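Should a chain be cited, it is by its letter among A, B, C, D and E, assigned in written order, with residues numbered from 1 in that chain.
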Amino acid sequence: MVSPIFIIAASLGGAFLLGLLRDPWRRASYTISLLVLAFTTALAGAWVWGLASGAVQAVDILTAGTQPPFAVNLRLGIAEAAMVLLINLTGLLSALYLRDTLFIQGRRAMAVLLIFSMALSGIVMTRDLFNLFVFFELAVISTGGLILLSRDPRALAAGFKYLVASQVVSILMLVGIIFAYHATGSLNLDDMAAASEQLLKGGALAFFLIFIAVVAELKLFPANGWALDIYESAHPAFSALVSAAAGSAALVAVDKLLTIGGPAWMEVASIIGIVSFVGANLFALAQNVDRRLLGYSSVAQIGLIVFVAGQQDILGDSYLFVAGGVLLAHAVGKAGLFWLSGLIGGRELTAWSALQGNPLLIFAFASFLALLIGLPPFPGFYAKWELVHLIAAEGRLLLLSLLLFGALVEAGYLFRWFGYTIKRDRHPEPVAPSLYKHGVIGIAVLAGWSLAYLWGELSPHANLLHAAPMLFALMFLAIEWAPARLKNAVAIAGLLAWFATTYSAYDPLQLIFALIVLAGGAVILLASFQTPGRRLGFYPSAMLMFAGLAMLILAEDSFTFFAAWESLTIGSYFLILRGRQSEPHALSYLVFSLGGAFLILTGFALAAQGNSQFALAGLGELVQPLAPWVFLLLAIGFMTKTAAIGLHIWLPGAHAEAETDVSPMVSGILLKAGLFGLFMLLIHMGRQEFYGLDLTHAMMWIGALSALLGNLMAVFQEDAKRLLAYSSIGQMGYALFGLAMMNHLGWLMALMFVINHYIYKSMLFLSVGGVAKRTGTRAMYQMGGLITLMPLSFIAVLIGIIAMSGVPPLSGFGGRWILYNAIMTSEYRLPMILVFLSGPIAFLYLFRLIHSIFLGQLKDEHRLIKEAPFWLVLPQMIYVVCLLGFALVPGLALRHVDAYISNFLPQGALNWEGLTITSDFGYWSPVSIMLIVGVIFSLVFALLLLVNRKAQKVKQFNIVFSAERPYRPETTHYAWNFYASYRKALGFLEWPLFERFWGAIVDLLHTAADLSRRFYTGNGQVYAIHLLAFVVVVYLLKGGV
Amino acid sequence: MTLSIGIALLLAIAMVVSAIMATRGRRSLGISILAAGLASLLASVMFLLLGAPDVAMTEAAIGSGLTTFLFFFVLGRVRRGEHD
Amino acid sequence: MQFEWIMIPYSLLTLFIVVNYGMLLTALMQKIGARVGRRHGIPIWQNYFDLIKNFGIRSSITHGTMFYLGPVFRLTGGIGLLLFVPTIYASEMFSNLSFAGDLILALYFVFFGTLGMALGAAESGHPHATIGISRGLSQVTTAELPFALAVFAVALQYQTLSITDIVAAQQGGITNWTAFTNPFAVAAAMLSFLGSMMRPPFDVVLAPQEIPIGPPTEYHSSYMALMQTNRAIMPIAKIVLYMNLFFGGAASWPVFCLKVFLIYLFSVFVGVVFPRFQVEQSVRWFLIWAVPLGILAILVV
Amino acid sequence: MIKRFTLILLLAGLGAIFAGLMLDYVPDSELNRTADYYAKNTAADLGAANIVTAIIVTYRGLDTLGEVTVLFLTAAIVGLVLARDRHDQSQPDRELPPTGELLATGTRLLLPLILLFGAYVFSHGHLTPGGGFQGGAILASGMLLMLLSHPLRRFGHRTIAIVESIAGLAFVFIGVLGIALAGGFLDNRILPTGTLGELFSAGAIPVIYSFVGLKVGAEFSSMLLNLSETEEL
Amino acid sequence: MAMIAMATGFVLILIGLFGALSNRNILRMIVAFAVANTGVNLVLVAVGYMDGRTAPILNEAVPVAEATTRIIDPVPQALVLTAIVIGVGVTALMLAYAYKLFKTKGTLDISQYTDLKW
């Protein structure tokens, strides 16, 4: 294999060669630059391949034919090779991207670019401290040159600020180096590491100076004002290079130093890293300029990697896997985003809406964001998993919570940005059409996905990109060009086929969930046939969600479970975001969901005790004092998904603003994921005592409160879909309550709610969606009298509300009946009072729903509307049949589960013999009830028909109203603020306490970010002073070294 | 030995004084630049005393000589710019 | 217990007795109320006359399907409620159709008629109907609450949801009645009872001044007849439930008549004493007075 | 004022760190391992009398390569910065005060001597103090002299660039030759080490240092040129 | 001796940094950094200094055999050489920047260049 020294030699030779050419020979110069970069990239690539496949060993490259420490030597191991590859590849791509700029600037700029990538490679490879300094200075100076590539006049000032700061850095570093040399008698890093004892005795201060200087080169928060200015003003291709390549190189340098510094300095690195991660992410919250935001995000990510480097004492063998995963994901994602920003005309975040209409670029954008945040299946996900597990096992919980908090904030602002891009009015300036730039971005996307695959292979877990559901979802990306109806058919077939193939793998409990997710999903998807065109983005998102759900049900270990959980979260986020007004709601959904997911992650990590593989069944073997904590974290995480009260504020908007066929998916199906998680949790862990508090008792209260307040808030909604959304909170509250009772019937009831809620909520969302589609509004008071125009929708809603309110003879009653039987044996009585309170309230909003939409006077503007489209009505009718069927023979679905639950809670199983279902306390005969009610109803009806055969159909206005005949429907339409008196009496309960609470937290974060970022005054001297302060503060914190 | 220490002390004092002159903002820029150059020149003498003739030469030629000229060139251009 | 065909004629018999007793009792109560107010009041047979008259009226209009079905729902609800509850304790004959479901069924079936009626009235498009429904639903849902709590307290007390078993547990002397063994539950339930009887002070739903006759504004002729039938059945059906749960049930028809009369009288008694509440007042009233009683009942069981 | 106060405080902190360094500092009484190796082996291995030069050119040749690259970079960037400037300049020539006859004549006389001296310094770097950098700086001072005497003269940027590039390429090439012919990159033993103390000794050190000198001279010259050339260009 | 040089060096660094970070004029900042660089060079050489030894050049006075006991550590000197050159490079770059900045806004006051902030 060719010696890696040629990576340096070739770059330098190329740079010097460029000096020979005449200025106007731009094309030749450019070709040479590209060739050199391609050569170095290929060489690095060959080494990576060779080292990875074991064909070659890590090499030490001697110079001057003399052994180190007497001459400078370089080293290339797998990590170094990968970094060099990353640097040169980024350099090559940036050079491609910079084509036009380089043509204008000429050969000097190209030479500087070559030297920049050479210097970074040198930083990575060198094993000599002073040589490291030289390469750093080279990088600094070439940075100073490359900043000038930007057309932004402000870049100049940014560059100068950078030079000022780097002067301070280099002074510190030189002083440090010479004293370190004096202490150890060597400049070789390995020698120093070997002598670290001695160094740390005599030269601790010297080491401190070197360390702090290198850390400052990383542009860590808060001593990084100049770096942010550069990110904001430099050419995006260069920013990409700085963030991805220079950042990575400096990280390698820090890593080298840490081998000298040992654990004491790792601690410092951890603290600096985590402060940087959290601080920069917080500051980024207040950013409106895309590149500055990316700058902050870069700072945060690099902080994260420094943190990882600081944790290498506990990471052990997986250090490279974790650090590499985070680093590469960051590099590819950030470089990609910077490149992407070069295509965008405006600099404010909303200007990215120019990407609309460019599905490929949006896909790229989404991929990059996912890379940054560490969503599955990207490397950051695997890395974060390992990292969190190991940190948790070590009990560094403060660090862990800071880490996850920072990650959450980061996800928040990145996805907010994504929301702007998708939903804001399209920016007038179109995307730049440069083929080169698009190509470069394409390569970055490819690299990101390849890394995803690679990390999947390297991880000890199953590769997520091998999971059939995931691949099926990704396949839709490839067939995005196809018409929506075709894709829909494929999607339905896929869901059903997966159900058929996995059928035998389910236990009865899983079967119920699988039925709802897969078969149920297929039914809802029938409604999607209604949408014409191509419906870009819908199917990949929806199928990603379904893939996550499908994997969730079958998950046996915590990793698969969590990966599935995140997948379904992300998929559903994209899905919800499609709604017309859904941007803020989708964001709050995502932030809550990810917050919940992080709690789950922490829970699993605590439970696993450092093993990254952990079977879910192992949850049952946990003991005090760990078990209640795990339980608590997981339960809160799952309850975020079920929108338990307090964590519910994301739900109404998200469900209401989603598209017509999406609302039933996210409401009818997605909410069940949380319940599934809770089932899993309770099956494995059972009751847990937390400082004397029975946690299931607390859950009961939460469930009951959710039921009450969810229902109450639904009563006061004017928006039909919002009403249904709030009602979901209530319904999930019932289910949660049932689960938390920890008795047989409670669980059965929860399952009953799972099934019922799926059916009637999907049905209601579809009918209401159909109505909204026809009338063009969701405000109920703007509708009315639609019964004659949309009879089928009316029937669906009628059946739905009868079922949902629990009025016999439909299936909702079964749920109530089991509920009452369940609480007969429950230990706690107080929370069930809340459940009682909430029951009749449900009746109120349900009546309002049907009344305000279908009854009363028809509005003038609605006189000509038609029944909802066929494809919307069809699933509703299927649901009507299901509801009736389920009402008649609930045993069909519940018997086996009932038996299955007996495995865990043997007491109180129901007796399903004959037509009557019997419990220890009462009995219930669905068929008889149905028959009796039917017969009485028919008889009375017949009587009425008999005496009132020829009822004359009169117009609705044909009424007497205050001694007048009303002429305008509005005057007779009493629908706004329908339950006015109820609001007067109980409206105080609707006070948006939780909205205010969460709103206040968000405001606080934003205000804090906005105020504290003024710390970056823009003055170069102030930045340098920050740097000095950083040095002094770290010095003092380290206790004077 | 004491002689060289005495010289060194004198040099040190002279250097500090010229450094202060170079960095105090009140004097004209030209004088500052010259003072910085002087400090550098004195440093090169110090290098000789410290047994580093190579460094002394370099400091004298580059640090003190060339740098000063670079400063003056830029100063000149800026001055001319100011007149425009 | 299983269904047998003989149950049908038995149930019809119960129905017949209850309808007649209900008609007479309602009239009687109105008369008592009038007398307290120093008025003469209606004749005791008045309800029969009205019923026959309404069935006989030829003019009939409809505003649509739900309008047409509303009274049907209403009456079905009344009859169903009556028949799902055993009328006479320990009587095969008058256990009606209670094999189909237990206490919970009765508790929830109350809403069947309410829902249907509201739907039907709403389709008339008459604003007064809407106002009445809004008020009615607000009030009835709150009024049902203490009752539900009380019912549950009773169920917990006797550890069963079967009405027959509950009545059985109260046999053997007046002190065994729930009214004495669990006074809080009974108090809560009786307050709730006031609210569901559509009598003062909780009759704003039917408020004659503002709205001719509340939700049934547009109903007339045979619709009205069905509703009147229901108005005869429904109070009795409810009272039967109360009687069974709290007052030892009835082992024979005379006891039945007496207990029903007394319980009914209670609501009339309160009604003539108190002025009418506004809806939000009554909602608060139930929540402040009746619900805590119910909660107390559950806690002390 | 707050800024100044903070600065003083922080510098006091930094001063404390420096003081700490000084207090801990114990001068070596013997050469450390590395220096000892150089003292013992330089003469035998490389044949260079000036150990500093030997270190710079060979043992730490990579640093030196980086160093000349720094200058190359700086020259290129200064060119880049000011070249951009020239595009948007359209000011008419301005008359500069004429330079004295004495300076012009002196320059003509001195220039060859200076260049020769520079060449001497960098070619004898392995024997005596001085070397490529110092020599290069001397070469550049010749250029400086010319600049001062003929401020309006156009100088051969092109020539300077070619000298610079060829010298740089040669440096790299010799370095690579080291891999092929001797022990590794920048090994100077591609040429015979000769006798200690002679001009043609120490392997490729004089050659490399000469190229370094040329390159450094060219780079400094180009920097000076770029910074001094007035707007009329 | 070494101590004097070292102390002078450190003082020069501090003076230089103070000048660089308190003067608003960009050219003065660069001058101050040059002073600080001189200070750094002094420190570097001073650390390598050993009393009573001579420059690390082998000649008649210092034969190879006695080199170990006679010469000063050559490594810091080699490092300083590099550092000086790099320092000049950075200084030149900063000067070019200063000039260019001056061209864009007509001022050398660093506090005027705060378009990018927060």
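Couple of notes before you dig in:
Just so it is clear, a residue touches a chain if its C-beta (ideal position, glycine included) is under 8 Å from a C-beta of that chain, and two chains touch if they have at least 3 such contacts.
Model, not experiment: these values are computed from the prediction.
Discounting chain C, connectivity by touch keeps the other chains in one piece. Steps from chain D to chain E, taking the shortest chain of touch contacts, total 1. Comparing chain pairs A-E and B-D by the number of C-beta pairs in contact, the larger count belongs to A-E. Closest to the middle of the protein, by Cα centroid, lies chain A.
A straight line joining the Cα centres of chain C and chain D is 106 Å long. With each centre defined as the average position of its C-alpha atoms, the distance from chain B to chain D rounds to 19 Å. Note: centroid distance chain B to chain E, computed from Cα atoms, is 11 Å.
The centroid of the Cα atoms in chain A and the matching centroid in chain D are 54 Å apart. Residues of chain A in contact with two or more other chains: 130, 134, 137, 141, 144-145, 175, 179, 182, 187, 1021, 1025, 1028.
In chain E, 2, 7, 13, 17-18, 20-22, 37, 47-49, 55-57, 75, 77, 79, 81-82, 84-86, 88-90, 92-93, 95-100, 103 are the positions where the chain touches two or more neighbouring chains simultaneously. Shown for chain B are the residues that touch two or more other chains, namely 52-54, 58, 62, 66, 70, 74, 77. Looking at which chains touch one another, you get A-C, A-D, A-E, B-D, B-E, D-E.
Interface residues of chain B, counted against chain E in their complex, comprise 4-5, 8-9, 11-12, 15-16, 19-20, 22-25, 29, 32-33, 36, 39-40, 43, 46-47, 49-55, 58-59, 62-63, 66-67, 70-71, 74-75, 77-78, 81. Taken together, the chain B residues at the contact with chain D in this complex read 52-54, 56-58, 61-62, 65-66, 69-70, 73-74, 76-77, 80. Put simply, chain A touches chain C in their complex at residues 785, 787-788, 798, 802, 805-808, 813, 816-817, 820-821, 823-824, 829-830, 832-833, 836-837, 839-841, 843-844, 847, 850-851, 855-857, 916, 919, 921-925, 928-929, 932-933, 936-937, 940-941, 943-944, 947-948, 950-954, 956-959, 961, 966, 971-975, 978-982, 984-986.
Residues 13, 17, 20-22, 24, 26, 29, 33, 36-37, 40, 43-44, 47-48, 75-76, 79, 82-83, 86, 89-90, 93-94, 97-98, 100-101, 104, 110-111, 113-118 of chain E are the ones that touch chain A when the two sit in their complex. Remark: chain A residues 130, 134, 137, 140-141, 144-145, 153-154, 156-161, 163-164, 166-168, 170-171, 174-175, 177-179, 181-182, 187, 225, 228-229, 232-233, 286, 1013-1014, 1016-1021, 1024-1025, 1028 touch chain E in the complex.
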